[in-house]
């Protein structure tokens, strides 16, 4: 489906390493184009005339690597088309990518969101801050190994008295008497 | 903000169109004085008739519950807490209204209404249809702890006669 | 300035030279929001003003970040629907539609014909309800109170219908994976028909009351102009893109549901009534014209309604095969996309929501410079954002 | 000073005045705010209870209706807004999210688990979102609470 696109990317951008990712056996869904993380900026510059809009940058944490997906679309009713460009970052400690703000204006906020949620930092980003979480937030929330901080500015994130334990009341009941008493109590109510 | 050179007549034409179109709008609003039926529902005295499938306060008819845990599993916010013990073998197994045997003794059925998102997924999966949404929405509380309903307490079992639709 | 805001303390005052003079001026920082009646929720905009003119506007979002994407990774596929509802709470049905379409695409579920038609009717009604809200609050932002009351009056009629079919007034959980929850009865169809007849007259009234009002036109025409190239580059969709003059509508371009059988036009901004292409008035008028088209579509699809089942065959425990998909639909505020990654579990591995409002909010810093603050309010209102969707 | 019949009657008058002119603050956070607006609009008309004058600033408001999810980023602002309101002030927590975190209590790393963590709440209105009638009922419950307040008694008799 994207074979022509892949050949043209590979011929236009050296070292792009564009390959097709298709759903394997027993899998389902859309296919996409995987590229080398170092050449994101050049590929996007090449794709800009073909696809005039960047829809979304979405990160996925696959535990071994973090995948960043770019959804490009061409907003032209005569020839609508779209493509999913992916890149994989092996480094989980300080993943880095080139910012594509200079190519697509939409990338500014999308990249900030990706940084906020996954900790992927973008080189040459004009406004590299967190966007959804507060600036002094700790951790990258959408990573799979995320542990929420306990206190934020004096407010408990998960206060003990608000967290329901599903057997809490049952335990309270149990303390009142043994199991036989509990059954007798329940039976007396006609249960 | 429109950048136009205003002529002498254009200035007055602007005023004229502004006044005219505003007067049209005022006339539309003025016509509401008569001939229109008031839409306000005077709530405490008059109430809207709610449809049958309205999703408000949950009620579990504990006497018909077979402790199957389906509602607790399907609840997307985990606000239903059930515990039960197997019924002792020397006792005979009672049945629900629709004939399903109750093999477990229900010892706890608690819903934290302060967390409930009223999505209705729990009432759909209930096999004996003992868990229902009532059309009662008036239960504001002074304390948040009062919103945790223990459906085995005496006063809530007494609701049965009032709330369960036959 | 009040010093209580933590983020502002760190900002340094910028000094600029006015062109052509030797006088030194300082930009004044005005903080708008998070509690502000005209920001449609909890948007905070930090505005650097040169007297009354906005020099720079920096939106700060995240005051309603409810961690919905994190939640979805822990809930089964059916349980996600109530959470998707709460994204864009003004158009909950449209959000459900996108999500259930994404899951159905992965599962390969066949949705019955009657369910498709009902979905079309309901999502178009939802579009009307959402645009009515946009219309009412926009007029309220610009100082007219009565359109707000009229719009809510009509909106309540739609909500009454939604409540009858789904049981809730605002967040419905009505579109299920594989179909819809309840069927529509003939009496309810008659109710919609009745409503549409009255609503067409109301639309004429809104046109007289607001759209052709000279004061309203002066407040919106030529304000917040967004060129088509910028709209593309920002990835703008929906009424914002169409207001800039391009007839891009997924219902026409990539038809889903039964839109390919319906006859409708795509209203675009053409500089109506002497406005400038891509300004607030165009975006507003696109919404008003879309309501007319929606009325047409609902009338046509009601004729296509045939008896049949409303929910397809879906297994009791939904397990989506491994893979990923990106599904998008045309929501009232623009294109909503859902990137769903599944690892073959009962829960989604990752659910990313591409919200149109997030994209549109990022346009604000671009169109703000050079406006009056009062016009900036008009700009915020015209892109019609819902903060629940911006922050997710 | 003794608690006499005159003081009791003056107290009644004061709380009658207070309960019938509660001015809420325009403070919408999320989904519940839409239902709050619907309550103020034509069909339900909050003005019938003397409560329809939505004030844009906390300094003129008596009542804060916390309508929607309070996130940690917003919580500091909620507290500041509440502090800016003049006495007597009342808080209605509207909807599940403001009551106890609502659907987001479990994995909501950025959601405050109930607005009562930062401000004292007088009435909790259940629902997600509550129907407009439920909000009006919550308001009437609050009015009942205010009617039982002994303003001068609290001030002069108990503190002496």
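Letters A, B, C and D name the chains as they come in the text, with residue numbers starting at 1 for each one.
The working rule: a residue touches a chain if its C-beta (ideal position, glycine included) is under 8 Å from a C-beta of that chain, and two chains touch if they have at least 3 such contacts.
What you are looking at is a predicted structure, and each value in this text was computed from that prediction instead of being measured.
Student: Using the stated contact rule, I'd like to know whether A-B or A-C comes out ahead in C-beta pair count.
Tutor: More C-beta contacts join the chains of A-C.
Student: Starting from the mean Cα coordinates of chain A and chain B, work out the distance between those two points in Å.
Tutor: Chain centroid spacing, chain A to chain B, equals 33 Å.
Student: If you average the CA atoms of chain A and of chain C, how far apart do the two points sit, in angstrom?
Tutor: One centre to the other, that is 23 Å.
Student: Taking each chain's centre as its mean C-alpha position, how far apart are chain C and chain D in Å?
Tutor: It comes to 30 Å between the two C-alpha centres.
Student: Centre to centre, by mean C-alpha position, how many angstrom separate chain A and chain D?
Tutor: 38
Student: Mark out which residues of chain B touch at least two other chains, giving numbers and ranges.
Tutor: Expected reply: 39, 76, 78, 112, 115, 117-118.
Student: I need the residues of chain C touching at least two other chains; which ones are they?
Tutor: 62, 65, 67, 70, 82-83, 153, 156, 171
Student: Could you pull out the residues of chain A that touch at least 2 other chains?
Tutor: Within chain A, the residues that touch at least two other chains are 132-134, 141, 164.
Student: Quick one: label the inter-chain contact graph as line, ring, star, complete or other.
Tutor: The chain contacts form a complete graph, every chain touching every other.
Student: Residues of chain D touching chain B in their complex?
Tutor: Those in contact with chain B are residues 42-45, 48, 93, 96, 99-103, 105-106, 114, 116, 121-128, 130-134, 136-138, 140-141, 145.
Student: Which part of chain A faces chain B closely enough to touch in the complex?
Tutor: 164, 166-170, 173, 179, 182-183, 185-187, 189-191
Student: In the complex formed with chain D, which residues of chain B make contact?
Tutor: Touching chain D: residues 39-44, 47-48, 56-57, 76-78, 112-118, 137-144, 147 of chain B.
Student: Residues of chain B touching chain A in their complex?
Tutor: 62-63, 65, 72, 78-79, 81, 83, 85, 87-88, 91, 102, 105-108, 110, 112, 115, 150, 152, 157
Student: Enumerate the contact residues on chain B facing chain C in the complex.
Tutor: Going by the criterion above, the answer is residues 1-3, 14, 17-18, 20-22, 24-25, 28-29, 39, 50-51, 53-55, 74-76, 117-121, 133.
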